[in-house]
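Each of the next two complexes has chain A plus one other chain: chain B in the first, chain C in the second.
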Partner chain A sequence: MPDNNTVTTGAALTLSGVTKKFGDAVAVHEIDLDLMPGEFLTMLGPSGSGKTTTLNMIAGFLQPDSGTVTLDGREITRTPAHARNIGVVFQNYALFPHLSAVRNVAFPLEMRGVSRKEALRRAHGALELVELEKCADRRPAQLSGGQQQRVALARAFVFEPGLLLMDEPLGALDKRLRETMQLEIMRLCRRVGSTVVYVTHDQEEALTMSDRIAIYNEGVIEQLGTAEDLYERPATTFVADFVGDSTILKGESQGDGTVVGAGWTAAGPERGATPKGDPASVVIRPEMVRLSPAEDAKSTVNQMTGEVADVVYLGSQVKYIVAGDGGDEVHAKVARSAQWSRFERGDRVSATWSAEDCVVLSS
Partner chain B sequence: MTVGTVPAPRRRGLLGLGGGGWALVLPLVLFLAVFFLYPLVQMARESAAGGFAAYESILTSPVYRKVFGNTLTIAAATTAICLVLAYPYAYVMNRVSPRMRLALMAFVLLPFWASLLVRSFAWIALLQDSGLVNQALQALGLTDDPVSLIRTTPGVLIGMVHIMLPYMVLPLYTAMARVDDRLLLAASSLGANPRRRFVRVFLPLTLPGLAAGCLLVFTISLGFYITPALLGAPSQAMVGEVIAEQVEQFGLSTASALGIVLLTGTLVILVVIALLAKRLGRSAR
Partner chain C sequence: MKKPPVRWVALTAATVLTACFLLLPTLVVVPMSFNGSSTLGVFDGTWTTRWYDELLTSPAWRTAALNSLQVALGSTVLSTVLGTLAAWGLSKLGVYGRAIQGGSIAPVVVPPVILGVGLYSVFLTWQLNGTVLGLILAHTVLALPFVVIAVGASFAQLDPVYERAAASLGAKPFQTLRRVVLPLLLPGVVAGALFAFVTSWDEVVVSIFLTDAQTRTLPVEMWIQVRTQVTPTLAALGTCLLLVSSLALIAMQVLRRSERDA
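Moving on to the complex of A and B:
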């Protein structure tokens, strides 16, 4: 923790061609990443997709089979973990059970040759920053999950590392506490100024916290971009499916950005041209779908006629599941407002969306 | 072992003992009362049969003082050697494949499966001047004359360490198995090199097992009889041997007094260690 509240400069991190195999299984395949100093990058993906393996190679707990890791221009691929000066927050906190909270936080300072007295003083300062000063002398077992998480955070940033790694740090907390901690972590990271690599499988968490998100799938990064990029311009159906709620319609490409499916035709911006006759998908976000009574249907493109199969009440929104006449399903999320028209199960409706609100993907 | 064990789980409200639950301890308490407590009281009375003359002679005689000194020294040395051998062994046991671990475990437990008497005689055969060990040493050219191993303190130590090793390895192994590997990764990421990681994290976390192992080995070693009697030098006798000698000569009063002194001494040592451990635990905060 900077004593006079100066901000640490984050480190630039570069991974190039990093590959890791466990036996015959490829855990991570040729990962390339480039982080700007101070950037908050989240690795998002299902479990087993290689995000934690990547994190472990950055931390120095694992050695890549090939490729290099560079921190602030210095190659650290083979540097042992203890010499890397990278802060790590673990999913289970990994606090030392035999040391009090403040001694846990002082640990990295003592390892760097700071005197016991000075280390404790700075550790108290760091605990103050996470609002845990009053629990300084308690052992981890006497702290709640959220408090342990704060101690773990304080311990990871107290020695002012240029890079902070967090492996599902909020995974063990309940939803409400998780939301509070998300904001707190963001606030702390901004204050400390470190570059952050954050691992999660919770897409909401990723969208909330990150500057950029890397979507992992089966050991490769499917797409790297801002939350907006991923949400509005998904590169693959995997990304579209993983990030946010979406309807993915499968049909046949007409070669011009138009896709024809069972009982519907869609046209929109294309990500990579798909030859005529090849399978193609159309991604539509449910909040971009409008519903109207079936007899009002005007256009035949970007429209599907069907029957309301289910109505799900979400509070401020209502989600309709529309079973199209051709057998495909489209979801529509409609905001409740003063003049909204409500549909019931079994109503005949027409679902429409605009061309700019859908994305056409190959396969 | 009261020292260094894990504190019992705090919340036991829901599955507490019911009304008659306490009766479950009765069989053991009765057994101990009849076969241990009663004889112990008898022994205490026997020791004081002639007033406190027996105690007086034990506490003032240089011979007995030497015997107690030997006993403490040999028990302490056995404990120290066991610890030095067992700690790295238990560590390796925690790091190898399950199959290898089973093999290492069986290797340590082997002494448990043969009687103490048989093993002590076997050590005589191995350690005597014309025994296998001396033959090997001479064959390797390490020594010309046989090294006297039997009827010496090193001989006793070899035998006792062999017998006591499982008592050290098992608690250490259990304590090490409980250490979460992620704590060691965390220590590395926080800047601890392997040596400091061991001293500041691994060693403190395995201290409970270390304390339990040392106490077990030390207290059991204090009462050893057969092994020192067969392998040791008569001039370096342990308390157990002297008690047996007294019993054979119908010196029941002295034998009982020796037993009581050994018991009291052991208890005092245990209390001192427990207090030290408590203070250590507090200062570690």
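Moving on to the complex of A and C:
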């Protein structure tokens, strides 16, 4: 029997062409995913975008209408949930209310034919790992939200599944506890070595925890990549808008990576070809925008002149909302430092950014 | 001291009167069972417990009580098992399940006389008339809807996430039922079982069709005795039955309260 300190090998997970409809509504459309063993993948997207439906199909709670799910080379599309050996952490924990914490954790072991005594021993070990050994004999109702969360985690990894699924596991916790738990989940996942699929609608959580992130929108994955990919090279305006703070300027493509809008011209790396004359968007991250007094403006490309419409104090940074003369708005986040020039509302400024710090997208 | 308002007095009076109207006809058997006169309902001013002695020593009553107990326990077990499984299955069928559940309460709506005639003619061919097994089957039909309703209501309140969680942890469907679903549904199952027991324990119409001299249940024996000899033994028995039914009712209330508090 392996001990709690053994590192499980994560399983490889592949989804190909997975589609699920509820009546006429397409919940998930032709999803393809490939997870390396031990990878931490987050599905991020607004509610109703299909991420939980995908998770439920991986867990076996739902059957896809078409497509296949493969775990470690074995096709499990039609395998019932109880035969999949996948750990699941539910949004509201789903701890069995009639069993104590340690009996909850021992449950999956007993279902696998481990003797009661051995199951309890290993369950105590798992609770120790989540630092809840002292609460082992309490019922779920006698535990706080954070403690229930830890018990649910212990129960999901105690049987050493190759794959762990988590459906917004921190949604019910307050912000501070959520941040502690994020680190704890990452530490645990690394320790047990499982592959993890994590569902959330909190982009900060996704950026903090994941190896890769799949951005869901209306049943399809808009972009799959590392946090850096998504943030610095968004593939669509939806991704740019959903991940992090961004300014999206709409204009007309000149066909060579240059976009002309109302009172501004921008040029940067293109994601996908944008033929001349087509509508195009320019995505600029606010912390990449520099402000200077309007009269100092030199360049005419990647520059917008306007008036400071609002100043938002964020502690270490100050956010300026600049209303361009052409009617578009650009946001600038400026770090406060020993030498910085502060602008006031109504000041005439020139906002500039480098070509490599913006992305040109079609539409 | 302030005089209580008229409305309050009127309300109390109405409540007490209604309670008396509902309860007195039932409760009157209690004094009647201790009445010294040997004719039921005629008071001669003396008190005795000899009707209870008679009840306990008479072989006819003892046989009837034994029959009743066998039939009630048998049909309780059978209808609770079948009803719980049915409710489990129906809870998985969504709209169809609710439709079938609606149909499954038919035995409550169908007049017992019709059921009695039907069962009698079927049991003639099956040679089940006058057998305890036949009675158990008949009472199971009558009790099943109560179990399906009671357990079905518990299922409706059961969060389906527990079954998913159990499955994800490796529990096969039957293990999930036994280790997770049933413990969570226990109050509903026990309530259904109590309903089933009381249904069988009090049943007279269908039983009259299906019993013979050896398999009379208590209510049937009572009905026959009332028509031949009117002794206060009946009142003594009535008091005993009242006690059993009241206990079942109280148990159900306690259960419902504990379920609500949980």
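Side notes on the structure shown:
In this text, the second predicted complex is superposed on the first by the 360 of 363 C-alpha atoms of A that agree within 3 Å, B and C clash if a C-alpha of one lies under 4 Å from a C-alpha of the other, contacts with A are read in each partner's own complex, and residues count from 1 in each chain.
In the analysis below, contacts are C-beta pairs under 8 Å (C-beta built on N, C-alpha and C of every residue); 3 or more make two chains touch, one makes a residue touch a chain.
Keep in mind it's a predicted model, so treat the numbers as computed, not measured.
With both complexes brought onto chain A, simultaneous placement of chain B and chain C is prevented by a clash. Using the contact criterion defined above for the overlaid structures, shared-chain residue A:Q223 touches neither chain B nor chain C, since it reaches no partner. When the shared chain is aligned, no partner comes close enough to touch A:S253: not chain B, not chain C.
Of the two partner chains, chain B and chain C are each touched by A:V88. Once chain A of one complex is fitted onto chain A of the other, the partner contacts of A:Q203 are absent, as it touches neither chain B nor chain C. Looking at the shared chain after the overlay, A:R103 reaches chain B, while chain C stays out of its contact range. Look at A:R139: by the touch rule set out above, it reaches chain B but stays clear of chain C. Residues 59-61, 80-88, 90, 92, 94-98, 107-108, 111-112, 155, 159 of chain A contact both chain B in one complex and chain C in the other.
Residues 180, 182-183, 185-194, 196-197, 200-201, 204-205, 284-285 of chain B touch chain A in their complex.
Contacts from chain C toward chain A in the complex involve residues 159, 161-162, 164-173, 175-176, 179-180, 183-184. Those residues of chain A lying in contact with chain C across their complex are 59-61, 80-88, 90, 92, 94-98, 107-108, 111-112, 155-156, 159.
The touching residues of chain A, when paired with chain B in their complex, are 59-61, 80-88, 90, 92, 94-100, 103, 107-108, 111-112, 137, 139, 155, 159.
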